[in-house]
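I'd like to ask some things about the structure below.
Labels A, B and C are assigned to the chains in the order they are written; within every chain, residues are numbered from 1.
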Amino acid sequence: MDPLWVTLIKAFVLCLVLLGAFAYMTLIERRILGRMQHRHGPNRTGPFGLLQPIADAIKSVFKEDIIVTNADKVVYVMAPMISIIFALSAFGAIPGGPAGSLFGFNPWVVDLDIGVLYVLAVTSVGVYGIFLGGWASNSKYALLGSLRSSAQIISYELGLGLSVLSVIMIAGTLNLREIVEVGVWTVSPWLWPPLAVAFVAFVISAIAEVNRTPFDLPEAEQEIVAGYLTEYSGIKWALYQMSEYVNMMTAAAFISTLFLGGYRGPYVLERLIPGSSEWPIIWLVLKMAIFMFLFIWLRATLPRFRYDQLMRFGWLYLFEVALAATLLTGAVIAFVL
Amino acid sequence: MENYAPILVLMAVVIVIVGLIYRLPALLGGRASARERPGYLSGAVPREHAMSRFHVRWYLVGLLFLAFDMEMVFMYPWAVVFADIGWMAMVEMGMFLLILLLGVLYAWREGAFRWT
Amino acid sequence: MVTFVILAVVSVVGALGVVLLRQPIHAALSLVGTLLTLAVLFVTLQAHFLAVIQVLVYAGAIMVLFLFVIMLLNIEQQRKEIRPWLRWVAYGIGLVAAVGLIVGALLDPRQAPDAAVARAALQGGNALLIAEVLYFEFMLAFQLVGVLLLTGMVGAVALVQRRRPPPGGVSAATAREAVLTDRPGRPSSHPVEAGGR
């Protein structure tokens, strides 16, 4: 294990990188959405609009910080902090490479025996940020948004938690690094069908967990203005946005780690350039980029669910499918292997 | 504890950074003007607390989630040891799940997921 | 030891907050704080699995349910106390219980096990060991937990769902009317509308 001061530095770097990535993800998202809708997107601030995130950051710092008169002030101020603190903390458990590959240090902040559960638990606490934000605002729209959001998040957490089980059963461990090292797809071809089902269920639940289209009902602007964000402005609003994007990145990294071999490079490249799959960070970031693009792509493509459809889909289909994938994995392990 | 000290370090760093960001507007920008700011209600003035009406069905969602969250938690240790125990574990968990699925079927029949 | 004292103080302060704060949501938040501190306490005992479960189930699920229930309270009505003397009865009972607990703890001849012993007994509290005990020794209990959860679910659904129209004969419109006007002989199964706030 690394000494504590190294952990300290890694934690700082991780936070700053995530915040920087958030800023530029907003730009990338707007540019890609622009392209997909036959327009330019922000391209005036700096070359290719590269200074746009900085302009946005400055703006959100200097905007007036409105607090609703009848709001519950303490909770109102605390809610965005809860959201972002737990969003940032979750990412630390994701391994970025093999042990000792990052200048002799480990490319992760924490390595836990129960890494899978840690990420799930910490992100599940993040729901308070949204719930309390909407409640404290004392505004109908904010309240509706936060209720919808918390009901959605807890409903899809089941799909998320259950579809992980297939991976855990195959790997026989809850440690994220060991799961990557086992390589769930390499165990047996018999396991591919249940794994594929679990993978799809997991990706769908993850999208719902981070409130992205087509599951972005909490901020459905045509119905409830901006949902739980309605009464927030300035830096508090920015922090909520930040936690949404950080959660997206955590989700992307979590999916890659569980299902797509995490920090390991592609097999073909390993044959061409021996040792390439040992490179830290880069493969994880590439895999995350694929999912980030997928999230943006879906936003440009799919319409939003209706609320009853959302609940029915989560409880009656996703949940059962994830369960079936788990049992199928179990059957294959018990009877075929 | 030793393995877990990094979590505390990470949390502390996160809290410090978030706290700094939170203080930025107060350090750089001006103060908010002291005006009456009612909650947004599409132009109308809110007369009651936003919380005045609340549908009981959210409670149902919460409780169903709690039941299945418990089930999920039981399944994690099960999944870890599954490969060692084999089909016995399968039967046991199958029974457990069957009992819980009865609950889902009942909720479904009663229209708990209809949401209209 | 220092860690324990800090954590114990924080968790007790959180627990006091639950009791003393006026606003139900603040009390619930205070409880979340206590639960998270307890999770850290489990970590110091090397019961890692338990710690995460504590966060996942208590802080993640049970407290969300609590919050939903608190939302059912009317925030303006709950200011006035219905039976002021109950408060003093509660104080009395609390005091007696606290004194009894402290006296009982002081009189108890057993020594608290050493931290190392506790660790050895818990053996890391990891998922593997829990599974071995849970799925063999306590198999029946495990299945009974399933029945318990089923009971909870059925109870919640039965409480919350409106009565469905009786099969055959009654059209949807009359059934809706019956629910809306709450005719005698058709007790509303809807607690909020039945004034069950």
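The criterion applied here is as follows: a residue touches a chain if its C-beta (ideal position, glycine included) is under 8 Å from a C-beta of that chain, and two chains touch if they have at least 3 such contacts.
Note that the structure is a prediction, hence the values are computed from the model and not measured.
J.: Which chain is the middle one, judged by CA centres?
T.: Checking distances from each chain centre to the full centroid gives B.
J.: For the chain pairs A-C and B-C, which is connected through the larger number of C-beta pairs in contact?
T.: Per the contact counts, B-C leads.
J.: Find the geometric centre of each of subunit B and subunit C from their Cα atoms only, then give the gap between the two centres in Å, rounded to an integer.
T.: 15
J.: If you average the Cα atoms of subunit A and of subunit C to get two centres, how far apart are those centres in Å?
T.: 29
J.: Quick one: which residues in subunit C touch 2 or more of the other chains?
T.: Residues 48-49, 53, 56, 60-61, 64, 71, 127.
J.: Could you check subunit B for residues that touch two or more other chains and list them?
T.: In subunit B, 4, 49, 51, 54, 58, 61-62, 64-65, 69, 76, 80-81, 89, 104 touch at least two other chains.
J.: Specify, in ascending order, the residues of subunit A that touch 2 or more different other chains.
T.: 112-113, 117-118, 135, 147, 154, 157, 174 - these are the residues of subunit A that touch more than one other chain.
J.: Which of the residues in subunit C end up touching subunit A in this complex?
T.: 23, 25-26, 29, 32, 36, 48-49, 52-53, 55-56, 59-61, 63-64, 67, 71, 124, 126-127
J.: Could you please specify the touching residues of subunit B with respect to subunit A in the complex?
T.: 2-7, 9-11, 13-15, 17-19, 21-22, 24-25, 28-30, 32-33, 36-42, 46, 49-51, 54, 58, 61-62, 64-65, 68-69, 72, 75-76, 79-84, 86-87, 89-90, 93-94, 97, 104, 108, 113-116
J.: In their complex, what parts of subunit B are in touch with subunit C?
T.: 1, 4, 48-49, 51-52, 54-67, 69-71, 73-74, 76-78, 80-81, 85, 89, 92, 95-96, 99-100, 102-104, 106-107, 110-112
J.: If you look only at subunit A, which of its residues touch subunit B in the complex?
T.: Listed in rising order, the residues are 1, 4, 7-8, 11-12, 14-16, 19, 61-71, 81, 84-85, 88-89, 92, 109-113, 117-118, 135, 137-143, 147, 151, 154-155, 157-158, 161-162, 165, 168-170, 172-174, 225, 230-231, 234-235, 239, 307-308, 311-312, 315-316, 319, 323, 326-327, 330-331, 333-335.
J.: Mind listing the subunit A positions that touch subunit C in their complex?
T.: Touch list, subunit A to subunit C: 72, 74-75, 112-114, 117-118, 120-122, 124-125, 127-128, 131-132, 135, 147, 150, 154, 157, 174.
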